[in-house]
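Order as written gives the chain letters A, B and C; numbering starts at 1 within each chain.
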């Protein structure tokens, strides 16, 4: 297994020293945001993690290796996109065996983080149950991953275009804790409200770290959703955003956009319809998630360092 | 792990001696029945298990510890309710880490029983697919737990307000055996009939024990549903009960009852609509399940004792 | 565990020598085709595997033993049918513990192959999401098995009467790779087309073997669907077959055929409606899958033999 993992020097030393490390995904860079905002965001997020006492490990697959941490040129490569594939669990081994380069989704980043012994991961929003999935059965592999892989994911909810209520039902069936960080309400990505409750509210990184420690000591397999609302200054109005999203979905439908093209199309529509404000909010919430994730990682490693399987 | 488990002296000795033990849940006490019928039922059920050659281990979480067996005062505390939370898989680690007290559902009781090395568990009815879940996706975590945790659950079917057919489909997909005990038909909690078949009929505790032994020796992960119909003397008419349940569901709908309030509301409606007979039947079927579970546990330990992981 | 597995001499020697072995199922013999075409097909398929450098291991349960490889008389017994039960994951331990004989489905054959340390399995079509399952929740246990058991299944798609689109959605959620062998399009059993894409195309057995090696080295639990279209000479027209299948489903509906009787009824209807050509195509695709599976098994064992758990 070790053969497939490569580390930046910074991450390597942090793992060896059992210092806190926070995983980051590459799909958010390659598919989630336009260039050059994406690479700027990626660098800012890494710095925020360092400023909060942890080491960032941006994760992707390049030329048949799982990269735990990317150097500047590698980050640039994911940001400028081109041929980069999106890698979920089902694609993971093929992208490696074929020597391709792939940006890891939430599911694939969780897998890689777990292999490297990293327990905390910051992103924007996780995948979930798609609108209409009660008919289409289109449900993101991120949810199944959360049910089986021991990584906590700090996010501002599910990606904005998904079905929040059914995603929470699915997570309940699978036994995944949905933890509010300083909130009783599950946030809805661009907004702090959704009308749905979290399973339980926590107010400190230490509480979350303690829960994770016990969860994994008892072999309760799987991760946790740490729901962290977008900072108030950047939060958008919930009802207006729901309108915007419905309009974007309607446009996609009218123009017969489907498959891999749908997410970039919707993100662009939403950007247009909000006069660019959605991208600002998106960046703000990711930065906030990075900060909270770093604090949780610090608390977690203070309480008891996990054996780092991939590295040592 | 051992740090989180505490035992009554009776259970401790039984586990150390590899004597048969039967797990019992606390949600049935705290949320399933009014006081003081619930505490009386809980004590009677424990005695029935002893009378049939096994030791009862009523399971709950108190002040950050998993209780394997409750003493009289603790049982009383769950029975009188108040702030007791309902704990399923998703809540398990948080209730422990926050030092709270929680009544364990079928899923959480299975987890705790498995940690303690207890293989047989008696309850009333398991959770399942909710009516309307083909749209709402509301499916109990009990079903996922049955797919992954090695504990046999003796029950009179699924809780009466659920969708039996779709629950059986879900269990089939997940590979969970649905075993009839002295029945070809899957029972419907208050009634002995449902119109649905079990996967296979068994007629003795030994047959069931043998199946479980082989299942777990072959590493076929997960539990089994042991479907044990309510005794004839207490059985209610299937069609009449279906009418009662539909009426109760209708009332809940009209009065906009939702979330955590719905189950107690429905149980109360059903009680009213049956002039109290539903509670009698409920108690009778639980006692019968306890008896059958004790016999299976005795047979199971005779065939070959399982290593008791939590304790030894 | 070893106690429950028995081997033919041919398979025993192959496993001991770490030679390539291909698993085959018995349900395809007992329930998938009329006698004596089924036994002829079974023998031909075994020979094709030998001709391609691997050893066939037809799997079934007889008198409480898991048979890894069947001798002539045993094969005959499954082919002539009678009381043979269909065994999926849920039935596996019961059929063993009750000493019955059972034909293994895709799910059960995967379990047995995995216990014996066999990594490649050839069949006709796998189970999947049933038409109408967005309402009925009728989803084959084969899909859940693919998500958890480390065996690659070479097939010509899903059984013809299922819902291809929703099956692919389910597999994506579960993280199961759907690999095209010399095809970009997911085949539809009798036809080479379906309108749906595979996750990625491969063109050589070596590529597939390499992907499997990495998958399992990284502990990415579960199997893979190797989608291998029916040879052109035997392929049927996709639109015409879809019409035929809809007609057969309609007939089943009209005649109130349900439960265990539905698959044989539909297969017979389809045979009638295609003047017997469907059976020919069915046999041709199974033979082709056996050939490809043997080649994958040979490549897999060359790259690095898996520890054979059951045998050694």
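Definition applied: a residue touches a chain if its C-beta (ideal position, glycine included) is under 8 Å from a C-beta of that chain, and two chains touch if they have at least 3 such contacts.
None of these values were measured; they are calculated from a predicted model.
Of all residue numbers seen at the chain A-chain C contact, under half occur in both copies; the interface is built from largely non-matching residues. Superposing chain A on chain B by their CA atoms means rotating through 120 degrees, a value rounded to the nearest 5. The geometric centre of chain A is 36 Å away from that of chain C, both derived from CA atoms.
The set of chain B residues that touch two or more partner chains comprises 134. Within the complex, the chain C residues that touch chain B are 1, 4, 88-94, 96-98, 107, 111, 115, 134-141, 143-145. Put simply, chain A touches chain B in their complex at residues 129, 134, 147, 166, 169-179, 199-200, 207, 210-215, 217-220.
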